[in-house]
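Which chain is which? They are A, B and C, in the order written, and residues in each are numbered from 1.
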Amino acid sequence: MSSYKTALSKINLRDSFGTWWENASKRQRVIFRLLMIGFFYALPFLDNPLIGTPETNFQSVLFYPLAVFVAMAVGLNIVVGKSGILDLGYVAFFAIGAYTHAILGTFYGVNLWINIILGSAFAMVAGVILGLPALRLRGDYLAIITLGFGEIVRIVALNLEITGGAAGIAGIPAPPNIFNVTFDVLDPKPHYWLMLTFTMLVVWMYLRLGKRRPGRAWEAIREDEDVAEFMGVETTKYKLWAFVLGGAIGGGAGAIYSSQVASILPDYFTLNVSILVLACVVFGGMGNIWGVIAGAVLLQYLPEKLRFLSETRILIFGLLMVVMMNIRPDGLFPRKKREKVYDKVTGQEISR
Amino acid sequence: MTKLLEVKNLTMEFGGVVALKEVNLHVSAGEIAALIGPNGAGKTTVFNVVTGYYQPTKGDVSLNSQSMLGLKSHKIARLGLARTFQNIRLFGDMTALENVMTGADARNKVGLIGSIFGTSRSRQDEKLSHSRAAELLNFMGISHRSGQLARNLPYGDQRRLEIARALALEPKVLLLDEPAAGFNPQEKVELGDLIKKIRDAGFAVLLIEHDMSLVMKISDRVSVLDFGQKIAEGTPSEIQSNQKVIDAYLGVVENAS
Amino acid sequence: MDFSILWSEFFGLTLDGIVVGAIYALVSLGYTLVYGVLRLINFAHSEIFMIGTFTSLGLSIVFGFTGLEEPLGIVLFLFVFLVMALASGVASGMSAVLLEFVAYRRLRRRGANRLSSLISAIGASFFLVELFRLTTESKDWDFPRMLSKDPVFSISTAYFTLDKIIILLGAFGLMFGLDRIINSTRLGRGIRAVSQDEKTAILMGVNVDRVISFTFLIGGVLAGFASTFYMLFYESTKFNVGFLLGISAFTAAVLGGIGNIRGALVGSFVLGLLQQYSSVVLGYNWRDVVTFVILVFVLLFKPTGLFGESIQRARV
């Protein structure tokens, strides 16, 4: 049993890549980045038996669930992974963004670009309203409140007239053509690229924040909130920011989503979605943005690729969460490189 | 000497338990003050009240004549009171450098928006935090640990790191809670020198310690708590011969000197 | 908002609220006991309950009841019912112990933080729900009626049918039994000790592992009995029956003050009543929102609940 565990712990993609990256020159890094970006934009055209999904439209899968969940995982990572705030109701922000575009776009003719901003904004407002009182509480209580909030949003959407009740909203408009690219339900590519661009902007923003003071403040809060406070970190402010930023990202993604699918139902915004996004973060590597993206891709792609997994998707995700927490709580791609460990008393290096 | 930290008539009650009763303490500029007393006397409670974790039932805490009552802990930290903890509480998953930078950040102004847009101010702040942190790691003799995760450091270095992090706040008074716990005699001597070095660098120090020889060797002034009340205050030699103190410790003072 | 039905049906609603509250109470005790010893919200407790419902259902199928027969005589019914309840109690109890062992024990040993434990709990909960969804084809499963539901007597609009009487008597009996266990047995003392101060309990020779397993066992058994009462009253189950019931039971525990046994009981009855009343005033659709809103509000404004644990602990 233990040899199998040591073998498992030796699988460390993170370290091998991490080492390469650290030794790479600036030029190499730029080329790598450009290649990766190019690859992701080109993906819709790379539908072949190797990469493609057998029973569903690959391009459609690229948008949903892949791009959508990656975007949400990036957002939730700021909240759960980086700051340690367990949010079980993340889908609420997604729903707010989706319904914002659904309502304002379909009934009031507001275009998607504005609605992405408005969707994010409303989600942020919701984040503040919920966050201000809730973030004062300890982890488990907070988790339950966020779960409650997620459910409340869904049930309200189910029962209000303006959200279309159980029938939802249909005929949601897509944005007008840009550079001769047509956005519509039938062709997921433009929306995919839109979501991809959105996500990249978000990741860019996150990288800047993560390496600087906010990132340190968030991690300190995650590690030991009381001590962070003693070290001059304004924990209330930063927790709220994490929560609100995460919400904004969810809201923006939601607006883009509703534009692509053109009709939404409250059923699309269940607790399951929150848990699926959480699984991506937990599985991928809490706090490690690349790990989270990789985790989201893996968890959303594999069930599409391997059909038999698809039915039992949530079953496996549940099991995965239990297993991950017990064996590799840091996720598949942990935040930091595995390091030398020193004996506490003698200062001698301990071999692993 | 100017009194930096003043604790006046501090009373702290938790439900029915009186943890501190009318305690008066002060720390003046340039001194190493020690707070000693048997276990459970309330010493860490003093730290907790002074740093804003608890609001006192009665009494006042002031720093440079400014009252700290009702202020949140992060504000108090930025106004000049930084502390370490009895059981080391580092940010385990962050590197040593990052730990100290977190403290150094508190001295900067730029927050979230600036950081996103990478304004020149934020880049300057970042460089500043970085260099301050590096300096402090050097000062504490643990530069070589800079890139390592705090939880992987050996014990002695962890203690030093915790002190470095507190110093990054550039406090007026540094509160050390049993910094020598778990050290062997050699390390305790080094620690004593380190604390003196800190004092000489311009920080006043308030020290909670159980190791009497360390306390007696480096402190300028010692206050003794027992059952939440101050029972004596004076120079180390005065305290050592104080009958009340001896009684409170039941002979521990004699054994250690 | 329509208050007329509330007044006209008041006694009936109150009786139903107490009956439902009794079922909640048995389940909420599981949440509150586990929280007391582990400071963990056992997310998967709702599925422990669900397992009990399917156990009772399974037994009814095994016994060959289809609901089309004549109602059983009271004595025979009680016998059958007791067998089902015991079986569900055992099934749920054992599931709970297994759950602790698989999902939480390792984390506890490692001193893992709350986030990890909560995620593990959620994972376990989802696993169980999906397991049953796949094996029970996500449809409603009906429980055969084996007892006549004609009212035995009534007070105004409160119709005391046999099932309600049995549930009330059974639930109160169980609560009394629990009280005896907590207060008069060694393991019960162990539970109280670990709830208050785990480190000292260990020093006093308490076998914490065993106490914790026992706590899960008790919680599970109570949920198992509750599940049989549930089947008797509602006559149907589904793979996700645990979700809403669990939220209600959990809300009840929080309302009363999580970690506090008396609180769980009071909270359960209060919630049961509030649910009944609000469903006629606001309409059945909004009933679940009411539960969530109560939950959110209590956690936001009085997380210690009615009888709760100290504020300091809720913060840190």
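One rule holds for everything that comes next: contacts are C-beta pairs under 8 Å (C-beta built on N, C-alpha and C of every residue); 3 or more make two chains touch, one makes a residue touch a chain.
On a predicted model such as this, the values are computed, not experimentally measured, just so you know.
Under the contact definition stated at the top, no chain borders both chain A and chain C. When you average the Cα atoms of each chain and compare centres, the chain farthest from chain A turns out to be B. Remark: the per-chain Cα centre closest to the mean position of all protein Cα atoms belongs to A. Separation between the centroids of chain A and chain C, computed from CA atoms only, is 34 Å. Averaging Cα coordinates per chain places chain A and chain B 40 Å apart. Here the CA centre of chain B is 48 Å from the CA centre of chain C. Looking at chain A, residues 226 sit in touch with two or more other chains. In the complex of the two chains, the chain A residues touching chain B come out as 205, 208-209, 212-214, 216-217, 219-220, 222-224, 226-235, 237, 241, 335-336, 339-347.
Of all residues in chain B, only 51, 53, 72-74, 77-78, 82-83, 85, 89-95, 98, 101-103, 105-108, 110-112, 115-116, 118, 122, 125-126, 129, 148-149, 152-158, 165-166, 168-169 touch chain A in the complex they form. Against chain C, the residues of chain A that register as touching in their complex are 80, 84, 86, 88, 133-134, 136-141, 143-145, 148-149, 151-152, 155-156, 158-159, 226, 275, 278-279, 282, 311-312, 314-315, 317-326, 329. Chain C contributes residues 39-41, 102-103, 106-107, 112, 114-120, 122-131, 134, 250, 254, 285-286, 288-289, 292-293, 295-296, 299-301, 303, 314-316 to its touches with chain A in the complex.
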